[in-house]
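Let me begin by handing over the structure; questions about it come next.
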Amino acid sequence: MPNIIIEGPPIKELDRKRKLAKEVTEAAAQGYGLPKEIIVVLIKENSPENVSVGGELILDRRQRKADK
Amino acid sequence: MPNIIIEGPPIKELDRKRKLAKEVTEAAAQGYGLPKEIIVVLIKENSPENVSVGGELILDRRQRKADK
Amino acid sequence: MPNIIIEGPPIKELDRKRKLAKEVTEAAAQGYGLPKEIIVVLIKENSPENVSVGGELILDRRQRKADK
Amino acid sequence: MPNIIIEGPPIKELDRKRKLAKEVTEAAAQGYGLPKEIIVVLIKENSPENVSVGGELILDRRQRKADK
Amino acid sequence: MPNIIIEGPPIKELDRKRKLAKEVTEAAAQGYGLPKEIIVVLIKENSPENVSVGGELILDRRQRKADK
Amino acid sequence: MPNIIIEGPPIKELDRKRKLAKEVTEAAAQGYGLPKEIIVVLIKENSPENVSVGGELILDRRQRKADK
């Protein structure tokens, strides 16, 4: 603790995951005033067919926008 | 917000995901009295070997029932 | 299973919670093609001082808009 | 999306919540390369009697250390 | 890690929380083959007006059964 | 309900998952004083490139320790 669960899109580059974990951890350490060693981050990668905004799957939204 | 996380079994057909996201979003929009555009749905697909009911994996329960 | 966690703002009226739980359950039952009896819904009520959008607490955003 | 759920101890000062939400959002925006406007943060405050590390409630661990 | 989130009804007695955290931690330690010191448990207490089964709030279900 | 979400590393052997689900369920049943039939366990397997401790991905930490 603190534990941070990040729900977002897939991240291809490993360096981007490194950066995300590092920066969120430092931000949380500062925000809580706690040592970063005890902060755990879980990155959850969600497929565009498993996320919807406004009732429309991200997959479909992208397709719709690409069709325009 | 609101954000809705649905933990369930895998869903093969994309149309079923579309329907699930759409209907849950509309239900939440009505329930909250909020516009559906701000409602995010995450569908989480869980393998039958990663879910248990009553301490028995779904995988094993299916096998047991099939064996009967 | 399926289990549905709804993260949203506080809901004062009990009838609104009834409606939210009922409608989301029916939507999920239809979406999955499963009986509604096995669907569990958890409503999580988040205080406006514990949610941020774009890095600004909902509490502050409301105040800022009220000040205009 | 991205949505970030932070599970941690209670935070008394509102300014600390402001800072936490702001800094985690900026870190995630940088990490993902996405605009911060679409990033939602939920701060979850857990009572020391509802969290355990190593099977011991935080409440008890604090008491044990205070007794030393 | 591992982190365990337990969503359940409110627990009044502190001793019951102690037991729950202790036993789940020991079970997870055995199940994973990991030392229990690194296992974190979060107990989430849900009000009966915030949980539904089959679309009916637990609050209402209890009342309905009490009325019989 | 109760529902238990276990976030941990990947588990290769199915028997280990069986044991984990069974033991956590029994522990929760004892802790809550509830029948184990109503307890649902979700095992979430997180890749070492999606988890960080202290801002360092588990993937990198393992590599760093292997390099020593």
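Order as written gives the chain letters A, B, C, D, E and F; numbering starts at 1 within each chain.
By our rule, contacts are C-beta pairs under 8 Å (C-beta built on N, C-alpha and C of every residue); 3 or more make two chains touch, one makes a residue touch a chain.
All values derive from a computational prediction rather than experimental measurement.
Listing every chain that touches chain A and chain E alike gives D, F. Because chain A and chain D share one sequence, their contact can be compared position by position; here over half of the interface residue numbers appear on both sides. Taking each chain's centre as the mean of its C-alpha atoms, the one that lies farthest from the centre of chain D is B.
Chain A maps onto chain B through a rotation of 120°, based on Cα atoms and reported in steps of 5. Relative to chain C, the chain whose mean Cα position lies farthest away is F.
With centres defined as mean CA coordinates, chain D is found 20 Å away from chain C. Chain centres here are Cα averages; for chain C and chain F they lie 27 Å apart. Shown for chain D are the residues in touch with two or more other chains, namely 1, 3, 5, 7, 21, 26, 40, 42, 46, 51, 53. Chain pairs that touch one another are A-B, A-D, A-E, A-F, B-C, B-D, B-F, C-D, C-E, C-F, D-E, E-F.
Residues 1, 3, 40, 42 of chain C touch chain F in their complex.
Chain F makes touch with chain B in their complex at residues 5, 14, 17-18, 21-22, 25-26, 36-45. If you check the complex, the residues on chain F that touch chain A are 7, 46, 49-57, 59-60.
Residues of chain D touching chain A in their complex: 1-9, 11, 16, 19-21, 23-24, 26-28, 30-33, 46, 51, 53.
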